[in-house]
Each structure stands twice: as C-alpha cells, then as structure tokens.
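Handing you this structure, nothing more for now.
Chain nomenclature is as follows: A, B, C and D, assigned in order of appearance, with residue numbering initiated at 1 for each chain independently.
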Amino acid sequence: MAALTFEQIHQKIAAKFGDAIGAAQPPKKDAFCTFAVAKLVEVGRAMKADPDLAFDHLQDVTATDHPKEGLIRVVYHFYSYTHRHGFCAKVELPRAQPEVDTLEGVWKSANWFEREVFDLFGVTFKGHPDLRRIMLPDDWVGFPLRKDYREAGGYQGISNIRDNPLDLYLSLDKACRPEPVAPAEPATPAAPVAPAAPQKGEA
Amino acid sequence: MQETLDRLIREVLHEDPQVWAGSWVVYAAALLAVGFGLTVFGALVAGLTSWWERRIAARMQSRIGPNRVGPQGTLQFLADALKLIVKEDLVPPESDQMLFRIAPYFVMTGFALTFVVLPFGYHLSATRMNVGLFYLIAVTALVVVGIMLSGWASNSKWALFGGMRAAAQVVSYEIPGGMLALVPILMAGSLDLHEIIRAQGGFPWDWFVFQTPWGFIAFFLFFATQLAEGNRTPFDLPEAESELVAGYMTEYSGIRFGYYFLAEWGNLWVMSAVISTLFLGGWQVPFVSAETLAGWEAAGTVPVAFYGVSTAVFVTKVVVLMNVIIWVRWTLPRIRVDQMMSVCWKYLVPIGMGLVLLAALTEVLSFQLFGDAAKGPAPLGTPRGALHLAFFAVAGAVPTVLFFRKIFRNIRLTGDRIDLTNW
Amino acid sequence: MPVSQYLANIKDTVQSAWEGMTVTFSYLFRRPMTVQYAGPEKAREKHELVQDTLPSRYRGFLEVDLAICTACNACERACPINVIAIEIEKDPANPKLRVMTRFDIDEGKCMFCGLCVEPCPTGSIQHTREFEGTQRTLSNMVLRFVDPAKPAPPYKVAKGATAFPRAVLGSITRPLVKAWDSPPPPLPIESAEEAMAHAAKKAH
Amino acid sequence: MALDQIFITRKFGPNAEQEMILNMGPQHPSTHGVLNFIVHADGEVMEKAVPEVGYLHRSLEKIGEMVSYAGFMPYSDRVDYLAAMFANEGWALAVEKLLGLEVPPRGQYLRAISCELNRIASHLIALGSTAMDIGAVTPFPYALRERESINDLIEALCGARLTYNYHRIGGVAYDVPPDWTPLCRAWLDHFEKVLDEFDRLISTNEIFLKRLAGLAVIPAAMAIDYGLSGPNLRASGVDFDLRKAHPYGAYPDFQFKAPIGRAYAGLSRGGKVGDCYDRYYCRVLECRESATIVRQALDKLPDGDFINPKAPKKAKPPAGETQSRVESVRGEMAYYVVSDGSERAYRLRVRTGSFTAMGIIEEVSKGLMIADLVALIASLDVVAPEIDR
C-alpha cells in the first residue's frame, strides 16, 4: 500500500517505456509529464496492470487549447485507490487534426470524459464506441472551449442576444439632460438639444 | 322504491298504479329525480373529499393545505372545477378522437351506478336489490373499461402504460375482492346489502369484523383489494406520477381531466360504504337490538328519528373509513407492477380461499352447535356472545389503546408537543 | 419460497406499515411549520413586515446611498456580470468638478452574490432586505439611483474617517421599486439603436 | 421470486423491432432536473436506457476563462446548486494552491461547518426525492422541513439560502453571527431525533425495502472502473473518502468515518452490497456523520481572523496548473486550473461526481423495469447542473 511520489511513478514508467515518456516538467504547482501519442493506450494498460502502480481509476480526462503553439493538449489524471497516489499525464496533438486512441478499453469512465472533450474541443478519439456530442446538439457547428471560438449569437434562427436594459436607458438620459450652457442661464430641460457625444475613458 | 311510488300514486293521484297509463311517467320522473340527486350527491361528496384529503394530507406533512377559498378552504373544489371548465379542453389530434372523448363517461357511469345499491341508512337506499353486492362487483368493472379506453385512445406511451397497468391491476384484484366478500356473505346468508347489515348488531363486537378472527383478517385484506380497485396508494400504479407522468390521464386537460378526479374521489365514498356495510355493521344503531327493530317494523311504528340516527351512524363510519384510506395514501410508497401481481396471486388469493373455507366451516359448526340461533347478533349472555366480546377485546380494544399510546410516544420522541393551532 | 419467508414477509409488511402509519397520524396533532404569508398590503398595515423576519445579512435588492458614494467604480469592476452602470461627467455648471450623472443597478440581472459590497470603501452600496419587486416588463427592474436631471457630486472622504453616516437600509430602494404593473419606461425606439451603438463602442 | 427472474431475463434479440422507444425526459417528474433517457423498452421491462444530457449546459468552464478569479466564485455556486459550499471550497482551494496562500484555522473551521451543513441539506433532498420517486410523498416535506432549518442557519451566516457565495480566496466572507452557535447546536439535537423518525417512517418500510433491495447492484470493481465517487462508490464497498485519504482544510482535526455499503436491506430481502438501498442508506448514515462533524467543529472553533489578511484583492497567480479535489455531496469534485499569470484563468475544468454516475446508468439499467429506472436515478442522486455544467 506504499503511496509513491510523482517522481517514483515517473521513473517506473520511464524505465518500462523509455522514449515514449517525456521528461517530468518542473512542478509549477502540479507536476505532469507528456506521453507519446502512439503509446498512450499501451502505457495506460501497463499503469493499470502493474501492482506497484495499480492506477484503477481514471479520475479525469480534459484538454487545453494552445493556439499559439498550434497544439491541443489532452490531460489525463490517473488515481489508484489501492496505493492512494495520483499521476497526471498529457498528450500533445496538432490543433488542425487532433486525434488520439481512446482509453475506453482500459477504463470505462473514459467513455463520457472523452465524449465531452470531443464535443467541446474537437479531439477525435479513435476506437471510441459511441463518439458523439454529449453537451451540445448534434448539429452544432464549432468547438466552444477552443480559444478561437466565436459565439454564433444563436442556434437555428433562435437568437440568444438580448438588449441590455442598462444600455436602453442611455437614450432616455440624453432626452432629459440639461444642455451644457453657461451657468448663468437657467437649464432648460424642455428643448432636447443634442449635447456633445460624451467622450469618457474606459469605465 | 317501487312500493313507495305505488303508495304515492294511490294516495295522491287516486289512481290504481297497475292499470293507470300514466304510472310509467311517474316512475320515469322519480327515476330521473333520484338518479340526478344521487349523482349530484356523488359529485358533492367527491368535491368535499378532495378538499378534505388535501387538508388531511397537508396536516400529515406538517403543512396547512388549502384554506383561502371559502371558509377554511371548503369551496376549493368549486374553484378547481371552475378552473378546469374554463381551461382549454385539448383533444390530441393523432389520438382516437371518439374513444378519447367517451372514456371519462365510462368511468363516471361506473362510479354513479354504484349508488343504485349503496345504503345510506335504515331503509334509505335507491333500491333494495337482493343481488346487491353481486351488482356492485359487476358495475365497478365499468371503471376499468374507461381507464383502458383512455390509456389506448390518448396515443401517448405513458397513457398506454397507465391503461395496461390498470387493466392488469383492477381486473386481477376483483377475484380476491369477490372471494373475501364471500366471508361476510356466508355469515349474513344474503347478498342484499341491507340484509347483511341486519345480520350484524349495533355494538362493535356484533360486527362481522370482530365476530370471528377470519372475518377480522378478511376485513384488512378486503380493504387492500378495495384500495387496488380504486387505484389508491400503495396500488396507484395506473396513475403513477413519478414514473408515468400522469398515467392514463396524461393527455387529458380541462373538465375531462376533472371527471377522472371526480370518479376517483367519489370512489373513496363507494369503497368506504361497501366496507362499512360488509364488515362494520352499516347503519346498525348501537342500543337498538334486532328484536326491538323487528317489533317496530311489525307494529309499523318505526320512529322517524331512527332513520336520521341510522344515517348518521352510517355516515360517520364511512367518513372514518375514508380518512383511513387517505391516511394510507400519504404514508405508504407504491409497489412495482410485478410485485402488485405477486401480492394478488401469491398472498391475497390463497389466503382469501382459506378464509372462505374457515367461514363456511364456522357456519356449519355453529349451526350444529347453536341451532338456528347461530344467525344474527348474539346477546351477551350466550356463549357465542361471550366469544364475540372476547375476540373484540383482543382484536379491537387492545390495538386501539396501543395505537394511541404509540401516537403520543412518537410526538414525544421528536421533542414536539400536541399543538392544534395554525389552521 | 419457504413458508417461513412467506410469513416473515407478511409480518414485516404489517409491522412496518403500522410503524409508518403511527408516525404520519401523530403529525395530525402537531403544529404545521408553514408560516402563512400575509401579502405586502396586509402586512404593512399590521406592520409585521416579512422583511423584518429576515436575518440582517440577507442579500436582497442592492441599494446605493449616494450621499456617501465616492464614485470610485470599485463595485462596477467587482461585479462579474456588469449589473452596475456608473457614468461620471464634467459638471456642466463648473467644469472643474466631476459629477455622477448616472448610477443604475439592473436588479433583474443581479445574482445577489455580494461581491460589489465588499470593495466599497464607505459601505454606501449594501444589500437591503427588499425582495418584493416583480415587474411586468424587465426593464422596469432597473433601479435608477441618480435622477438624470439632478446629477450627484461624489462624497469627499474625510482623512482617516472609518464610520460613515448612511441612510436607513431599504429606505432608498423601497420608493424606487415600481408597482408590479407599472408601464415600461418611455424609451424612444429609434434611439435604441444609437444606445446599442454607444454600448458597443463602450465595450471595445 | 421466480416470477421476477422470468420477467426480467427476457431476450430482446429477434423481436427487437417491436421495441418501444420511450423519451423519458427532458421534462419528467422524476429525472431530477433536465435530463433525458431514451428508453428502449419491451412493455415494462427495459432493454436499456440511454441517457442524453446537455440541456443545462451553461459552459461554466468557458465563463471561467472570461471572469476574474474572485468573480468566478458566484459561478462556482451554480456548478451544483444543491452543494454550493463544496463548489466554493473547491474553487477557493485551487486558487489558494496556485497563489500558495494559507487559510487561517478559523476560516478552515467555518468552511468545514458550512460544507457539512450543506451536505446534510443536499442529502435530505436526495432522501426525500428517493422516497417520493418510489411513491411515498410524505417523507419529502419532512426532509424539506429540516432543510429549511439549515437554510435559515446558513442564511443567517452568509445571507443566501441556495447559492451562498460564502467562501473567498483565503478564507470565508463573514464570521459567525453572535447568536448562531447555540441555534445550530439546538437544531443538531433536534435533527438527530427527526432522522430517527424519518427512518421509522420510510427507511424500514417493507414496500420501500422491497422496491430498492437488490436493485441495480454495482460491484466494487465496476464502480471503480466507471469512475463512481462519493456515496455511490462507498455504497459498493470501496472505503475511499477524500476527506480521509487526502485531508484538506480542517478535516484532520475531526473524528468521523464515512459509512460503507453493507447490504443494509438485509440478505433475506435480497439485499446486496452496492444495491440501490445501500446507496440510499449510506446517505442517511452520512447525514448523521456530518451532524457529528459540525458538532465537533463548533466545539473546537478556534479564534483569530476568518480570512487571510494578505489575501490579494485582485488575484494574479503565477503561471502553472493544479488540481484541487474536494469530497462533495455527489462524490469527488475536482477543479483543474491552468493559469498563465494574467488575472483570468487560462483553462478551468470541473470534474464532478454526477457526470460519471450518469455514465454508468446505461450499463446498469439493462433489464430493469421503468419504475426501477426511476429508483436507480434517485439512488444515484444525479443532478443536472453538475452533469452539464
């Protein structure tokens, strides 16, 4: 029941798979390492089978979009109930055609996690039994969680843009504001004169 | 009812009922009047029961219930009925239009026809059929037809489920129902509801429920079958809100939806009336023994007050039983479809058969032992009377005392106290 | 299924039904917990307002006491959904002074999270215990704390002052909340586009 | 019972075309929010129930990238509005880990108290709605009545009844009001008695037991494989509680033991470890457990400030990423936050317990009846906002 630290786990896996395992990133808060895309399922099966590691719980599968580097990183969090230790690994995929093998064969919980990543990031998981959108309607265009996603302002003709009640009051104010005349003269709110458009700094 | 009409024709119209051509007009008018009166009575009872059930259910759930429409909310059912009448009465286009519209009326007629036979007091019922109970069992089958029709005609899967469940439940529960009704029939020796009541005495130990232990068990099981027939919890599968949205009533709206509820709450009165007739001594007034009653009838001097008192006694028994049905609904969960079938065929039917056998044996045995005095309420002196009293003490008085002791212990256990305010 | 199991089922059912039934029946003799809501009018004349029964930290409609508002925009920045709109302009009378011409809070959009109350230096913006503000039109839910015709000067904080004189909580909001069926504000239609354009310019 | 076996193990092979496709949801009385189940049924018995989610998807993770760190706190309430305190705590822990900020002990205790009270409130809704889905309507108002007391207590504490926004980065927003602690203790004593009455009314009711015993049994291995967490996992016999395995906040100071599934329905009724009744009864025991935790926390409430005075007004954590895991009501709620040094999170991911619980329904619902699907959903205590976020 020895809970291994991140480094021990990383050495164990690197010992078995050599170059497929990237170097452990310097831990800026949580350490992680990068797996080779091809070897992902193999490493996963080994991590689950190895008695010292015994990662029987795929805790979370998500992704992060890095448009500047042209990458989408799929992040896997593994956890072992027997040894009470966790591990974080990433897989880097080209942003144009992000594809990776599914881990559904190894951990059943990956099924829905991967469907969500497919739905919101557009990463296709090869071999997934039922890869379709989970959150959004099936005919939705675009992948919302990508950084370059622009909202379509509606879906099938139903607009989801609503006038902001606050802004509608701007016009009312102009109508009944006293025009900017010299202080001597009494302000005449009756005749609405178009005042100079108010130039204000960023509120 | 017919002799009263004939007497009326002779005295008031001075005609001979058999010969006079217009007598059928009088009969038709009387029938219409009584029919209309009973249906309106049924509707009023259903309405008030709906308000009363919502108040009792609220009180049991530590709420208050409707108390804004009319004094203490009593006119709530009128408000509901008006709302339902005003609401759009939608008939789904792809449903079977004609059947969809007819279904509620089947349920309504099934409910209204039972009033033909139901007693309300001494000599107070629409007719005195000698096959009263048999007629009752036959007529309640109409309700099932209505429910299945609505289930099929609404062209909605939920309604179909509700309809099929109703078919399975009500039809299969009529068999143990009929069997368990045999026990009081054997004891009373007649199918006429009034005769069954006459065979019981006024005091609790003369009622069929406390006369014999199998009568006692038959009472509870018959109560369960009546719950199933009226689609009341724990057997409210056809109209299971949490699974089937609204069961067979899913597609109904407006007053058509109101008919179903009118029939369901009206059924409460019918169920309670049948059970109190069969097991709880119907309109028997406690201190009026069978002999005095026979004496009055022979001399034709039945005091008018007796009619009133007997009706009052009958109505209190029915209301108490209705409260028990309401109380069961707001306590027990709902059973599953296959559990409902297994309860009927594995528990109610075999035990029902056993009870009928035992009841028959007691009749034969007591006839041998006590001769023709075996029938009717036994005065306290005789061994049968003592037997009844003993069984009543064991099965009736002791549980009631235990019950109220447990009620007050429950209140103390959660640190509350008796507080009847905040109506 | 052995007979013992058969009888055990019956005994359990009867025993547990009895147990449950006595519990519900015992509730008939207890006081229901419902507090009957008297409605605003009747409550006001019997002055047992439901607002008084609420705890002091209850987060109802937002209220700004402009007498002690320093127009620092801290609340507008703290609000995650831009519910507060403050506009500060040169006072037409004497150009040196800055004056608040507009302080609107869209109570219809506010989620009453309380993030705007914390950064306020003088505690002028607070959550009142008002909540009865249903309206027929959504734009009536906007409470306008500055009368457009009478702009409000910002409050000058005395050195080292910590306590600030504040109006009674709720006294400013209650008159501002319109009746439920009051008509929508008289917004001239053609200027709505201009207002949207202004808002779009302000957003970039 | 032989009848049940025959009834359930029908084959659906050749006559599959007579299969009835039933849309149970998204607006349905017992799907606990906006969920839809496409039920492939043959009469009452289901071949399978395919869950369809996403009706309440507000893309909280995208909003997390547009709002400041402090501004996301009210949104974290909406991740699971029945357990808003845990979502607050998860988000606060994640940002504190990024900032390397310490929470003063009083703040940690107040977080533990508010969370455990919120756990009782959420479990009460789960227990009440399970009873109502099985058909017993009365236990639901009893559960809601106790929940009202908790709502009043928390309303006095932080001003809101459902979406609290009570925790802050570095501690909590308000201290305990002066007369709050005795009220809370009085309610806790009352609650123990009422929970016993709730058990007498529904937990030991034979019909209730028969409806839930031995239904949709999830063995431990399958629960782990499908990623179940929280009461659903512990009911399958896996002894894992995040508050014990990876203690955070004030939990190391309390003595408590999360209940494990032990076929509470009784073997004679067909009860097995990991059946629907175990999941239900584990929640009843957890309510008692949380009550003891709150009482311990109230006894040992330390003095001092309730929020770290050095907590930054505008959080700008250094670049990096972290994952904070909180034992929420419906299992493990994990915030995976990637920051790039600006005042807005670069990526925010919330892993919730209901999401994986929904994932297992399709597998477990094979062969059940429609009334059982309702009982299964109620026993898994899934809630739409947590699934769709």
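In this section, a contact is a pair of C-beta atoms (placed from the backbone, for glycine too) under 8 Å apart; a residue touches a chain by one contact, two chains touch by 3 or more.
Quick caveat, the model's predicted, so the values are computed rather than measured.
Student: Considering only chains that satisfy the touch condition with subunit B, which of them also satisfy it with subunit C?
Tutor: D
Student: Report the chain ID whose CA centroid sits closest to the centroid of the full protein CA set.
Tutor: Centroid comparison flags D as closest.
Student: Measuring between mean CA coordinates, which chain is farthest from subunit D?
Tutor: Measuring from the centre of subunit D, the most distant chain centre belongs to B.
Student: Between subunit A and subunit C, what is the separation of their C-alpha centroids in Å?
Tutor: 33
Student: Would you kindly tell me how far, in whole Å, the mean C-alpha position of subunit D lies from that of subunit C?
Tutor: 29
Student: When the centre of a chain is set as the mean of its C-alpha atoms, what distance in Å lies between subunit A and subunit B?
Tutor: Going by mean C-alpha positions, subunit A sits 63 Å from subunit B.
Student: Approximately how many whole Å separate the CA-defined centres of subunit A and subunit D?
Tutor: Taking the average C-alpha coordinate of subunit A and of subunit D, the gap between them is 24 Å.
Student: Counting only residues that touch at least 2 other chains, which ones in subunit C make the list?
Tutor: Residues 9, 17, 20, 23-24, 33.
Student: Please output the residue numbers of subunit D that touch at least 2 other chains, ranges allowed.
Tutor: Correct list: 1, 138, 145, 197, 201-202, 205, 207.
Student: Two or more other chains in contact with one residue: find those residues in subunit B.
Tutor: In subunit B, 60-63, 330-332, 410 touch at least two other chains.
Student: Name the touching chain pairs, would you?
Tutor: A-C, A-D, B-C, B-D, C-D
Student: Considering the complex alone, what residue numbers of subunit D touch subunit C?
Tutor: 1, 67-68, 70-75, 77, 138, 145, 148, 152, 155-160, 163, 165, 173-174, 177, 197, 200-202, 204-207, 209, 268, 313
Student: Mind pulling up the subunit A residues that touch subunit D in the complex?
Tutor: 28-30, 32, 56-60, 62, 64-65, 75, 77, 81, 84, 88, 107-109, 111-113, 116, 120, 133-137, 144-145
Student: Which subunit B residues qualify as touching subunit C in the complex?
Tutor: Touch residues, subunit B against subunit C: 56, 58-64, 327-328, 330-332, 346-347, 403, 406-408, 410-411, 416-422.
Student: Please output the residues of subunit B touching subunit D within their complex, sorted ascending.
Tutor: 57, 60-63, 157, 161, 164, 233-234, 236, 240-245, 330-339, 341-342, 410, 413-415
Student: Which residues of subunit A touch subunit C in their complex?
Tutor: Contacts found on subunit A: 163-181, 183, 187, 189, 198, 200, 203.
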